[in-house]
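Comments concern the structure below.
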Amino acid sequence: MYQQVAWIVSVVLIALLAIAFIYVAAHSSKNGDSAKVAAATGRWRNRLLLGVTLLCLPVVAYTLTTLPYARHAISNMGVVEVQAKGYQWYWVLSQTELPVGRPIEFQVTSADVNHGFAIYGPDMKILTQTQGMPGVTNVLRYTFEQPGTYKILCLEYCGVGHHTMMSELHVVAQ
Amino acid sequence: MNVLNRIKSPLASAEVKVYAAISGVVVLLMMVFGLVMRMTQGQMLPIEPGLFYQLMTAHGIGMVAIAGLGGSAVMWHFLGKYVNLRAGFAWANLAFFLAGVVLVLGGIFVGGFAAAWTFLYPLPANGMGMWGRHAAAAYMGGVLLVGVGMLLFYLEAARAIIQQYGSFAKSLGWHFLKSGQDAPPATVIASSVVTIINILAILVGAVILSMMLINLYVPEIAIHPLLAKNLIFLFGHVFINSTIYMAVIAVYEILPQYTGRTWKVYKPFVWAWSATCLMVLTVYPHHLLMDFAQPLWMHIMGQIISYTSSLPVLALTLTATLGMIYRSNIKWDLTSALLVLSIFGWSAGVIPAVIDGTIAVNQVMHNTLWVPGHFHLYLLLGCMAMILAFINWLSNQEKAQGFSALDKAMLWTFAISAFTYALIFLMSGQASVPRRMAVHLPQWVWYSQAASLFAAGVVLSSMVIVVRALAGIIKPVKPA
Amino acid sequence: MNPQTVAGAGLLLMLNIPFIRRIMESDMAYHMLLQFPLILLAGWLLARGFPEPAKKWNYAGVTGLLAASMILMFWMIPRALDLVLINNTLELLKFLSLALAGMALAWSWPLAGMIVRGFFLGNVLPMMMVVGWLYIEAPVRLCNSYLSYDQLRTGSGLLALSIAGSLLWLYAFFMPSNQAGNSEIR
Amino acid sequence: MKTLLASVIVVLLGVWAVASMSEGFELLTSEQARRLDIQRRQPVVPNVRLTDQSGGAHRFGDWVQAQNKFLIVDFIYTNCQSLCRALGSEFQQLQRNIVERGLQNRVHLLSISFDPEHDSYAVLGQYANHLQANPEVWSFAAPASADLEILLQTFGVTVIPDQTGGFQHNAALVWVAPSGKLLRVTDYASGEQLLDELVKSN
């Protein structure tokens, strides 16, 4: 979902930017009054700064309300705990069959170097991720909504076997 | 003390030309590495993963270093018009740079080191037989040497700026904010910011590199991986950002000569650069948003500063550039076209970058090809375009030239190829294709194949631009 | 005789009184963070009474500051810290070399310009930071003769010193420099 | 030019000094130096008087040769709250391992107390019981006070009193050959790995 939003917003904004450049470049040959243009530039600059601020403030504020970091405040009722440990180049998971609809808590760490722990859906799109770091346990919570086969890919470069480091999760209805 | 009487020969000095020539050649080589990587991922070349990751490491560190060297050339050349820089330090920097490059390349291609240019602890010590600790030491020692050279370079810049302006407070224009008098030139402001942040970044880099070197030989002395990651990204992020801040000086200095308008320094400009100085040092946590163990306030700071750090300087540079060319009767040639293109590339790249700095998006985009997507926009289409423009400008005796059909063809090939190439990265990121993988899943291969086509376009057009420019630079200057 | 020289010599002798030496070396933090700087200070004071020797060999203070940073680096090796406690020759060498480093600083710092000073600081400050951090992070004791708690304190002290030094150095960049216009800035 | 020459000399001197202190950049701490030194020199255990946990008196050197086994030695004191516990559980683990693999006839564990004032044989006996040490595999001993110094020196153990009335000491496993030579010193958690090597070597 976020992928689509990010892509569409980026493309639209880049296109607007390109239009601005093409428009200005197309009007670059005539000799205009420098002072007037400078004044207009100042106005545009202020509009842009104001516009960007007005646009970004709510976005920043809104997106900060849903953070993925599992905090202690969250109730532990009914949470399924899964230990995940990365090795060069495989995952060791305490269980790979998981219930649908229940919050799963992945406790991710590593035995050697940094790894990335990304959960891919059956359509091979990333659903969520965290880092697997030696000596550190990152707690990732996720609730699967559909049964099916999910994949775990390593998303942090970890040596020559990095691209082979994949595991499967089976999410089943209870 | 009159600034004018310090201006040396108007044309570039020997050290600037050598910097520019080396940058041009190495950029081409690194671009070829990039093309080979994309073709390997597109299953068009039978390259083993071991070699792929070596190439990836070389491409990363090579591009960072050469963007640094090319940016230094721009800064040295134009800063030298306002302050008294001594060439010896540029040569010393180059000597350290070349020695470092030899060690780095030796570590990679002789020693087999392939821990990516970010040398994330503790991967360099865990080669799993692909490389030994001497290879890792050669690589990290080489990076350290490059850092020592750069430190000398920036110390000389700091010395010269302070000698001319009295202090960084003055050269950043803080007095101008109060009095509105006597603004320092844009070049001096940008150079001061880069000097400050890069001296700090290099010292931080030296700390983490030394620690990792010690750890390599005395493994009992362990480092906390999260702390190490913080330091590495603080160093890496600041250094790569400042390459653009150096290269953009080319826009500030060269574009006015094409339009006959001046790049006026006004208060928001001073504000924006000073704020950048602080923010660029504190924005790096947006690389660590997926390290859940990091304190929460750093994540939130990472997201907020991601938004605030990139936008001001950019918005000002963007509007100022557009205002500079609008109805200006600008003389178009390869140099001016590349410079305008570079500001587009920089601005365009910031958009996906800021979006990725949003924690909710980072959750599904971190370490996908979205990341190289955004930075290829502002490094390839931005920073590199600035450096190519600068090289071309030098080769034309720093004058506007005619815009030949070949120039036009190469400009458009470069612009369209580089833009599309980066867009394919973004598109792949949107489709959750991971970055830094030698082998892609079958359904992802076509992205790489399409990207290879445009990468070839980038290589081809850059090669023509660089080779023609080099010929101009090497040619002895005719007495006027 | 220059009173500073006398004070320096006196300080050096005082630090050598076995009783004081034993106290200072009983704790790692005193050893590195008190005795070392005091010997440096003694050397620095001692040198004040003499003109800089051999300026030709010490252009812009390069040689002196290089020597000082080399000596400091050597005494940051944990093994060296351990060995001076049981090896008298090395203990003597420690006093001599650190006093020499102090003298080199006194003679070379005024000769050095911004760049040489910057290079010296850019060398010594990260080094202190590295060593301080290693002392804090190391899961094992790095000096067999000292308690792990001492090691932690010493590390924190070194780290604090180097951060303070860096901030001070940064601050100096923003201060109106009295050297402005002085073409002697190197 | 003279400055350049002087600087080069200074740097060379500095590198030489650091290199000699770090045995050619191989080590930074005296603990590493001690391990390397023992591995190179392979000194013989001193023939000091030891009292074991059942009160039996031996000469260390003679005892090793009489046993004719590989010896894994660690140094402890029974009042220890921190490191020795880790050592203790490591030895328990090793003891299990040795029994499981039937290596009793080839490897023996020995914990030596460096606090003979307090650790009489009775105290050591209690300690051994507490750790469920099997006397066939794992012995405890303390040297005579007069011999302590020479014993610690040979094994390179440094003991310093801490603020709480205990001691801090370097913890490691020392491998002694049946001939009485000290072979090498390794981390306290590396016992299993070395047992593997021992098994493989025959």
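As written, the chains take the letters A, B, C and D, and residue 1 is the first residue of each chain.
As a working rule, contacts are C-beta pairs under 8 Å (C-beta built on N, C-alpha and C of every residue); 3 or more make two chains touch, one makes a residue touch a chain.
From a predicted model like this one, the values you see are computed outputs, not experimental measurements.
> Pick the pair with more C-beta contacts: A-B or B-D?
When B-D is set beside A-B, the one with more contacts is A-B.
> For chain B versus chain D, what separation do you get between their C-alpha means, in angstrom?
Inter-chain centre distance comes to 53 Å.
> So, what's the distance in Å between the C-alpha centres of chain C and chain A?
The computed centroid separation for chain A versus chain C comes out at 48 Å.
> How big is the gap, in whole Å, between where the Cα atoms of chain A centre and where those of chain B centre?
24
> Note the residues in chain D that touch 2 or more other chains, in rising order.
Chain D, residues with two or more chain partners: 27-29, 32.
> By residue number and range, which residues of chain A touch two or more other chains?
In chain A, no residue touches at least two other chains, as defined above.
> Where in chain B do residues touch two or more of the other chains?
Answer for chain B, listing residues that touch two or more other chains: 214, 220-221, 224.
> When you check every pair of chains, which ones turn out to touch?
The complete list of chain pairs in contact reads A-B, B-C, B-D, C-D.
> Residues of chain C touching chain B in their complex?
Within the complex, chain C contacts chain B at residues 113-115, 118-119, 122, 125-127, 129-130, 133-134, 137-140, 142, 166, 170, 173-177, 179-183, 185-186.
> Would you mind writing out the residues of chain D in touch with chain B in their complex?
Residues of chain D touching chain B: 25-29, 32, 187.
> In their shared complex, at which residues does chain A touch chain B?
Within the complex, chain A contacts chain B at residues 2-7, 9-10, 13-14, 17-18, 20-21, 24-25, 27-34, 37-38, 40-41, 44-45, 48-49, 52, 56, 59-60, 63-64, 66-71, 88, 112-114, 116, 118, 120, 124-131, 133-140, 153, 155-164.
> Within their complex, state which residues of chain C touch chain D.
56-60, 62-63, 66-67, 70-71, 73-74, 77-80, 82-83, 140-149
> Could you list, by residue number, the parts of chain B that touch chain C in their complex?
Against chain C, chain B makes touches at 1, 89, 151-152, 155-156, 158-159, 162-163, 165-170, 196, 199-200, 202-203, 206-207, 210-211, 214, 220-224, 227.
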